[in-house]
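Given below, in the form of structure tokens, are the structures.
Two complexes come next, and they have one chain in common, chain A, joined by chain B in the first and chain C in the second.
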Partner chain A sequence: MSAEPQTASQVTPRRRSPWRERFREDWLVFSRNPLGRAGLVLLSVFGVMALLSFLPPLIDPMYHPMTGVDPQVLYSEGPSVRHWLGTDFMGRDILSQLLAGTRVAFMVGVSAAFMSIVLGVSIGMVAGYAGGVLDTLLMRLAEIIMVLPTLLVVLMLSALFGKLNIWTIVLLIALFRWPGVSRVIRAQTLSLKSRPFIDAARVAGASHARIVFRHIMPNVLPLAFLYMTFRVTAAIVIEAALAFLGFGDPSTVSWGMMLQWVWKTGHMFQAPYWLFPPGLCISLITLSFYLLGRAMDEVLDPRLREENGTV
Partner chain B sequence: MDHPPQPATILELRGIGKQYRSKGRARQGGGQTVVALNNVTLDFRAGEIFGLVGESGSGKTTCGRLIVGLEKADQGELLLEGRSYGTLKGESLREYRRQVQIIFQDPYQSLNPQLSILDSVAEPLVTNRVGDNKERLEKVLTTLKAVGLSPPEDYAFRFPHQLSGGQRQRVAIARAMILGPKVLVADEPTSMLDASYSAQIFDILLEVRQRLATTIILITHSLAAARYLCDRIAVIYRGNLMETGPADAVISDPRHPYTQALIDATPKFGDCGPIKRYGTLVSPERPASGSAGCAFFRRCGLAHLGRCARQAPELTPLTLGHLVACHYASQTPVPETGQACRLGGM
Partner chain C sequence: MARYVTSRLAQIVVILFMIVTILFVLFRLAPGDPVSRMVDPSLSPEEAANLIAQLGLDKPIGQQYLQYLQNFVQGNFGHSFHYGLPVGQVIMAKLPNTILLFTTAMVLSALAGIAWGKVAAWKKGQGADMALTVAALVTHTLFLPWLALLVIWIFGYKLDWLPINGMISAEVWLDPASGHLDKALDVAYHMVLPLATLFIMHFGSYLLVMRSSMLQTLREDYIITARAKGLTERKIRNHHAAPNAWLPVITSVGLSLAFSINGGALTETVFSWPGIGRELVMAVSQNDYPLAQASFLLIAMVVLFANLVVDLLYAYFDPRIRY
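And then the complex of A and B:
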């Protein structure tokens, strides 16, 4: 097949994966964006925190975020060498709670966002591609869900069913957060549908399912990933709000849960070392995902790039 | 006179009609019917290159899309090797498309930007369950080589944005050819390319015809390209067939005023003696004749105000295989200069 491999590889680097090449180009754009860099740095800090969350209980059982009680501490204490960020009202270590909360925030944020993206992308693509009655039905459903106040409905559900499991909360967030995604994906699908390469796929004999998943989906996925970062933010905030209002999963330590404990035990204005860490963390992780999304936006939409930008 | 044996008809259009209805309410200009094709009857012979010529909006692209089943005809039927494919659906449609493929006009739009060249070209093999992965790769590579993309290994793993327009059009040809179709519709395959690429694409089409005996239906607005490539051509205006016949006959001795106007409009170059002009266009246009009259009535300089406005002419044979839809086909002007001019602008 390749008679003179040397000359061939001189002309063009052979079989260099275009995916990798594209990733490299995109990374260049991304890394030049100060917002994106800030977001990434912040996010990696949180990532390290989430990884470290497994450590404290291994050092000493009293550092367990949920059940570990320091026998020497009878009420909430400020930072010390023994407890870097202090303890809560019954002597549990705040730092280890904060770390565990990071893990929960990632878990809730990423899984809820992922589920809502999967739902939103599939419904959006089907509605846009099918058109007609199916499109109308799905989009009206999306609008109905979109105008429901998520927090209120989830509060009512949890009042109905008692305490909600953390995964139930994740599922509910996903169920209420797909419509925005699906509208965007539907619009994108509508414009893709009339492009000649879709006609070409039809002539090539591709079935409708194949056209949607093989030919349209790769073209909407970048947009879906962008939306995912914004959805992560929304999911974390909703979970925190639920937990703070007392409707969280009582067996999980989340930042919202910590805030609720501060509030419930009346330490709101007495123990800043207890109040500030979870509050700040919620704000910062939200910010970091938002910054990441903005930078990705620029990667995906070349029009947003600055004049002297690369590529 | 003895004629070479007539090659068998491979694809036949019988009285094909297609109308589009504009959307919206009548008050907002909606609900109006636009005739894209009107009672088109054509036959394509095995192994020939057939040119479908007309101006923008004449319905030639609609005709091509109908032939590959991207549009459905409102009237008439489509016969491939004598079998009617009137209502194409599911498996029979897939079966039909194994035989009839298309190359689109814009190579920048007709390749999926997210699929590699290999995946794009192999798509017909995958959907028709031909071979396993290894055989498909092999087949894609040989097909790419056949359309002049060599070494094929260099191109197969690239993405469309890494190729030029001409290279993309070759990829599109490879995708259309990979199943070895009997009929290939080429919808203005060179209109988005510059002249040097156009000639290369035409050469590839000629070679494909020679190697695989594929019937090629070339849709074009350029009479020069049609003359260069085609055995027979049909001139189409507002969805109506105006004139059809052997390419040389139609271009050097056009009998329909519209064909003559098209030839007048073609840029000419080089030393070709006194330029002949038919001058069959009337300007300003006349008011419309109503649906009963000749489609070309509004712009025809020869039209008889009575007859042409009321009665649409039928396609009638003038000489063998040369059909003209004009009441006055035998009276249309003949240029005095004997030698036909070279057509430029290809």
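And then the complex of A and C:
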């Protein structure tokens, strides 16, 4: 464990900017974790898939994931030269749907995670820094939201307000997934608040806002970033589950939607070529973000490096 | 202890009150006519008028809210459109099924997580540890509905070993010759696949928690003492390290309850297991608002009480904690 800073300084012969320096050291720790590397590779594959998703409709309109229908195909057919992964019950190309689904997953995952992190970090910092009644109130609220099953809450809201569109779903996921982050950030803020450099800033006449944003925030951001990778998976899974149950945005092709189609149209026994890909993609993208998060956790928390050992 | 439980119960009541109030406000804010949402159009005019009066839908909003709270306390949630029965009756019949499946799944996966996490930590860095950790990582990031469909596809279709939906088979339950044991076995037989799905989904995270907690415990001084006393490795592992390491697993069960309840609802839906989670999903898709609302509130209650039970279990197993 103690060997790491040394190795890092050995490979840096000349002085670099502190950010690059830090990044380099962190990267060294990260890249030593095989599972973290596997996660990164998997994620890059999904990234390429998301980029490729724009191609199929350009090649031929019949490859459009939503409206494209192959006139030669009347029902779901297995893989062929024309359709590498086969077609769904309407003769739409499964591969193009799968690629489009990748784009949706990234969109949903990253935007929901980003919003919930912004909320969680702000609320956590305010609660920790302000303390007192405000702290108690915010943390009580966090506790209540935390025990609610997000999927079922969103389901209930769609019972009240009808089918939700994809951005509403993203927003709702963000609104219900901040408490975990805010608790961690609050604890971190509490410990930072009592350090000498905060006192120094206060004595120097810094305002509360300046202390929070210039002195506390930079110190909690790495942690927030870590939590973001875990929130991405949560958001992707919730959206997929919602779509699977038939409450997704009907104008979006997501992986959950594809699974809902294969399940509800009764094709799951006859069409394994259709049943396998979407679920595998959801599971693998979740796994890759999770592995990435664990590896980053190790970067931030040296104790874990020893604990996780070779794995 | 009694004081702690009382204060926690009071807390649960306050939280429920807040959830109920928010639901009431949202219900009024939602587009559409509240009466047509709550009152089945197929009811006769007298029945409909009766129900409207009972739910207070003809009164001004303030009184309506009070009536709503009173109905909630009395468990009066109106009539289900789909079943044509009082909602309370419908969901209370489903509650035991959910509790049976869910509790069994949670207990089994926590026990397996503890047992295997112990082994993984003990064999840290070796083949067994690698295999268990990777298995845990992969299984607990699986997409649950997909896992459920796969399990059905493999064991219910390809191998055709086990029933893929429902909870009982009519042949067994209608046969006057079958006794309690036959019926229980029939339910168990139907429960295998949904239970396996929930188990595969959940043991992984408990395994990882147990593993890292056990690794911390193994660094403690009393483990060195135990070694110095010349105890067998087995004894050190099972009687000195493990009992101190598995408490965080209980905490993690509590923290992941909300997540597990989502999974429970999905599992029930895919396997047509007659529980409240499936009832909620079906009620929402059939626009049966009274039933959806009641199922949701019941699930919220179950989660809150389960959290309390988990905290009490923690106190029971950890003598350092006394409320």
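What we mean here is this: the second predicted complex is superposed on the first by the 290 of 311 C-alpha atoms of A that agree within 3 Å, B and C clash if a C-alpha of one lies under 4 Å from a C-alpha of the other, contacts with A are read in each partner's own complex, and residues count from 1 in each chain.
By definition in this document, a contact is a pair of C-beta atoms (placed from the backbone, for glycine too) under 8 Å apart; a residue touches a chain by one contact, two chains touch by 3 or more.
Only a predicted model underlies this, so the values are computations on that prediction, with no experimental measurement involved.
Asker: Looking at A:Arg82 after the superposition, I want to know if it touches chain B, chain C, both of them or none. Which is it: first, second, both, neither?
Answerer: neither
Asker: Does the superposition put A:Pro218 against chain B (first), chain C (second), both, or neither?
Answerer: Touch partner of A:Pro218: chain B, not chain C.
Asker: For A:Arg32, is the partner it touches chain B (first), chain C (second), both, or none of the two (neither)?
Answerer: neither
Asker: Quick check for you: in the superposed arrangement, does A:Phe247 touch first (chain B), second (chain C), both or neither?
Answerer: In the superposition, A:Phe247 touches chain C alone.
Asker: Which partner, once the models are overlaid, touches more of chain A's residues, chain C or chain B?
Answerer: C
Asker: Let me test your reading of the model: by the given contact rule, A:Gly205 touches which partner, first (chain B), second (chain C), both or neither?
Answerer: first
Asker: Share the list of chain A residues that count as touching for chain B in one structure and for chain C in the other.
Answerer: none
Asker: Name, in rising order, each residue of chain A that touches chain B in their complex.
Answerer: Its residues touching chain B are 1-2, 8, 11-12, 14-15, 17-18, 22, 195-197, 199-207, 210, 215, 218-219.
Asker: With touch defined as at the start, can you tell me which chain C residues reach chain A in the complex?
Answerer: Interface residues on the chain C side: 15, 18-19, 23, 26-27, 30-31, 124-125, 129-130, 133-134, 137-138, 141-147, 149-150, 152-153, 157, 212, 215-216, 257-259, 261-262, 265-266, 269-270, 277, 280-281, 283-285, 287, 289, 292-293, 296, 299-300, 303-304, 307.
Asker: If you look only at chain B, which of its residues touch chain A in the complex?
Answerer: My answer: residues 65, 68-70, 94, 97-98, 101-102, 104-106, 109-116, 123-124, 127-128, 141, 151, 153-154, 157-159, 162, 172, 175-176.
Asker: So in the complex, which bits of chain A are touching chain C?
Answerer: 35, 144, 146-152, 155-162, 233, 237-238, 240-241, 244-247, 256, 259, 263, 268-269, 272, 275, 278-280, 282-283, 286-287, 290-291, 304, 307-311
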